[in-house]
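Two complexes, one shared chain (chain A), two partners (chain B, chain C).
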Partner chain A sequence: MDQTIDGTGFCGKKTLISLKGISKKYLKNGRDIVAVKDCDLDIGENEFMVIVGPTGSGKSTLLKLIGGFETPTTGAITVGDSPVKGPGSDRGMIFQEYALLPWRSVLQNVELGLEFQYGKRAENKALAMEYIDMVGLSAAVNKHPVELSGGMKRRASLAMILVTKPKILLMDGPFNALDSKTKLTLHTEITRIWKHEHNTIIFVTSELDEAVKLSERIAVMNRDGRISKIFTNDLPRPRFGKAALEPQFHHRFIELREEVMNEVKAAAGKTVCDYGL
Partner chain B sequence: MESNDRGQKTLLELRDVSKVFKKDGRDFPVLKGINLSIREGEFVSILGPTGCGKSVTLQIVAGLIDQTTGSVVLDGKEEHGPGPHKGMVFQEYALLPWRSVVENVEIGLELKGLGKKERRKIAREQLATVGLEGTENQEVHEISVGMRQRVAIARALANHPKILLMDEPFEALDALTKEEMQIQILNVWEKTGTTILFVTHDVDEAIFLSDRICVMDINPGRVKKMLVDQLPRPRHECMSRTDKEFNDMRDEIIALYSSLKDEELDLII
Partner chain C sequence: MAEKQETGIGGLQAFLADRGYYVLGVFLFLAVWQAASTLKLFGNDFSEAFSPVAAFLALIEMAKNGDIVHHAIPSLRRVLVSLVLAIVFALPVGVLVGYFKSLEKLTYVPFQFMRMISPLAWMPIAIIMFGVGDVSVTFLLWLVAIWPLILNTVHGAGRVSPLWLNMARTMGAGDKGILSKIIIPAAIPDMLTGLRLAVGVSWIILVPAEMLGVPDGLGYFILDTRDRFRYDQLMATIFIIGLIGYLLDSANRWLISRFAWKI
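And now, the complex of A and B:
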């Protein structure tokens, strides 16, 4: 199942993002904390990579390093041929918290991404509407964030990033704390968007169900901040609805989740693992 | 600055505002006959338990939702919809995480089309007003939650709003940070002379901050009593919340809610 990190990319996909010898240390209460240690990782074009690991394993930090929101202590990250030197519009980052301006409607919030990048343009509205439709929020275009449920706010935040057409989507637990029905809808949607837009997605989560449903590969990080193992997810698609209920699919799904689970448990050491099933 | 040094001009008026939510073909009245008048420079809190419609009232003033009947008049003009003249600071910080601290403060100015130099100057001034000098280039995720809320305040102030609308802005903070923020917002209020309408379900917070407290009742949400808070100013950290005046005021407010059932009374005291 596991694949060694060989620097050639994944499944014949051309390497888009390359991490070489990445470590991140920071000082906390006078002590050096190692968040990420000696990470080598190549991510292919249009790949859907999920990163899991116990709390404190540095998975969010790794994502922020790729986003350019943090600078590595050692090593280098490249996107295409360019080194990452800071945040850039080629990498859209979706954080756990909502990023909506309360005084702007859903439409105005989604237009915001375009306004910052291109200024006010006639075509902004139509483009924003297209992406609002894509995340299933057409009925709420003129509503303000205070009128939206948690799930709707996530969708609006997602559309706000997607509309700028980032080549790479960095998602940090974007569906945490949503109810299971909303989550299922958003899983289906993000899969559809990924296929339609051909983005490369790096998705951090603490839920293994989510990891197995979405990913092409799953990287497990351990308490030392290292990538301990990378799983290739060979489950066929679609992975939702009736297809997911086929016994053959289901068995393989459980099997893979179990394998990942065991690796996460090992990564967490002997302490109680914070992963539910 | 004492509140009575400020102008006596009425800035904001809610005239017989009501709100009915419709759900599954049924009417749910959440606000009934709200009349409220706020003077320029005043600090007014709307206090009440869950279900009294305090946040809905603020959202109507902000123009985020429409009232069913009645009107909102700000500076002599009837209000429709949101605008930068009404600064909003909500419980969720609503900062854009991919922009730095100073870039978040600049959002409104940038959208208004101000040049980079000018907006940076204003943003720096406002960051200083909320005590965040030197943090401008930090990323939003690097700063504490209390600091994020200050950034949100600076962002609202950067548009020179006529009024600052705050909806339980310190609710998600730990007790110590909450108290620091209460002092901070009084500093901001005194420095800028802005008018503040502040929603809370924390009785002590309302007493500590306000010139007047609008005590709300539930089912449907309505004004129960308008109290004048005569605690001396400046209040700041040296003020004790166990002084007789403070205690009397707290007792008066609690007495107003004596008819509520235990499960309805989720005020923080």
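And now, the complex of A and C:
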């Protein structure tokens, strides 16, 4: 079933991230829990890969393995030519939880990564402001995390990672629980950043609309922690604004979402699927 | 008109709620003190010399003849020197112990055991090591100040979320960056709480420590006034000890409000 791509990569893109025979087992209450099983996946340079699947299918674990926050039980992950041995600044991770430092304001939080990489510089502020603007937090630059709502915290953590311009962006449900207007802005922005900065994005989500809107390919994970199918997303770009209102576009969008949903439903097995209509 | 009066009462109540009760507390305290000495509540041995009025007059006398400065300065010097030495020692130890869980387990029992021992119990050992004098007093004060500093810093450094560390690493932070931008700022509120406790306990231990053979200081002066039967000066010295302690604590509270981040 697996549609792994060969050395030439997807759409002629050079393979950047390569997962070979990846499994991850946890010991929980004396029982082995298999989160990820026998995953082979090649992700090309500048690819936008979205991973979907029912809850508990190991999507987040797979992302953490690529990020180097967890070590696989079996198999090997390579980025470029070097094996993943731990977290690194080439792979920016946007966590499901908010990783904002409570003693820093929004601006200071966004400046943090720049301080790590370049020390304190005059340019840091302007650069940080640009990304704060992008996530729509200009009015809250001097607020501290304790004063922010959940959605604002999420947007701040997004700006915090984006400003460091990582080559690879690992995003674990970054837009969950955001209002639809903010979500639309961020979908447009992340697409723009991806086109503009040529980074490689691996994006985990449970929302299929989002998956179809953003991805070049969609990998579906099933309850066993396997990748059951990889879809190639042929939806034309641009996918936002007027173009998205064209009947052919809309038709293809619905069609593709339906295909992916059927696969996800199958992947969920007998358990109730959280994508049911 | 009635409305105006109401706001007047409201304003007074607000003032009382804000500052008035504090002032009232001070007056009540002085009144109880005066009444206790006038009515000889603690027995006939307690003459009028123990009253706040007598203490106040003695205070003016001691301010004029320089006794206050002569004894308060060495006391403050001893406390500050020992606090600086305690901070220099305790904060790095606290950060290390808080950050490395194995070190925390290793040191838990010895630290909890040691902190419960009054430093005055070490007095004979201090005198064998350093002789009678300033060094012994400073050592004893240091010994009492390090525990709240260490234990609070341990707590603060232990509160560093693994998420912050992971995030810092994905941003390319090195060990130095993680220490200076994540661990130390995370621990600052607890460090300041530790400092406040350390200042309090040092100031308390100072008085008995200065009774161990130094030629000056507020603790020494307590014994001196007793020997000269100058109970008004004794009470004035006690008042000074309380006042300086209160001011030191206020300074600490200001530090906390200024530099401690809130969750």
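Keep this in mind: the second predicted complex is superposed on the first by the 251 of 277 C-alpha atoms of A that agree within 3 Å, B and C clash if a C-alpha of one lies under 4 Å from a C-alpha of the other, contacts with A are read in each partner's own complex, and residues count from 1 in each chain.
Following the convention adopted for this analysis, a residue touches a chain if its C-beta (ideal position, glycine included) is under 8 Å from a C-beta of that chain, and two chains touch if they have at least 3 such contacts.
No experiment lies behind these values; they were computed from the predicted model shown.
Peer 1: Once the two structures are overlaid on chain A, check if chain B and chain C clash or fit side by side.
Peer 2: clash
Peer 1: Of the two partner chains, chain B (first) and chain C (second), which one does A:Trp103 touch, if any: first, second, both, or neither?
Peer 2: both
Peer 1: Check whether A:Ala76 is in contact with chain B, with chain C, with both or with neither, and answer first, second, both or neither.
Peer 2: Touch partners of A:Ala76: none, neither chain B nor chain C.
Peer 1: Which of the two partners, first being chain B and second being chain C, lies in contact with A:Ala139: first, second, both, or neither?
Peer 2: It touches nothing on chain B or chain C.
Peer 1: Check whether A:Gln117 is in contact with chain B, with chain C, with both or with neither, and answer first, second, both or neither.
Peer 2: Only chain C; A:Gln117 stays clear of chain B.
Peer 1: With both complexes superposed on chain A, which partner does A:Glu147 reach: first (chain B), second (chain C), both or neither?
Peer 2: first
Peer 1: Just chain B (first), just chain C (second), both, or neither: which does A:Pro166 touch?
Peer 2: The answer is second: A:Pro166 touches chain C but not chain B.
Peer 1: Look at A:Met93 in the shared chain and tell me whether it touches chain B only, chain C only, both, or neither; answer first, second, both or neither.
Peer 2: In the superposed model, A:Met93 contacts both chain B and chain C.
Peer 1: Given 163-171, 199-207, 217-225 or 235-243, which part of chain C has C-alpha atoms clashing with chain B after the fit on chain A?
Peer 2: It is 163-171.
Peer 1: Mind sorting out which residues of chain A both chain B and chain C touch, each in its own complex?
Peer 2: Common to the two interfaces on chain A: residues 67, 69, 87, 93, 95, 97, 99, 101-103, 112, 115-116, 144, 146.
Peer 1: Applying the document's contact rule, which stretches of chain A touch chain C when the two form their complex?
Peer 2: Counting only chain A, the residues touching chain C are 67, 69, 86-89, 91-93, 95, 97, 99, 101-103, 112-113, 115-117, 144, 146, 160-161, 164, 166.
Peer 1: Show which residues of chain B lie in contact with chain A when the two form their complex.
Peer 2: Result: residues 55, 59, 62-65, 82-84, 86, 88, 90, 92-98, 107, 110-111, 139, 141 of chain B touch chain A.
Peer 1: In the complex formed with chain B, which residues of chain A make contact?
Peer 2: Chain A residues touching chain B: 64, 67, 69, 87, 93, 95, 97-104, 112, 115-116, 144-147.
Peer 1: Which of the residues in chain C come into contact with chain A in the complex?
Peer 2: 161, 163-164, 166-174, 177, 181-182, 185-186, 188, 261-263
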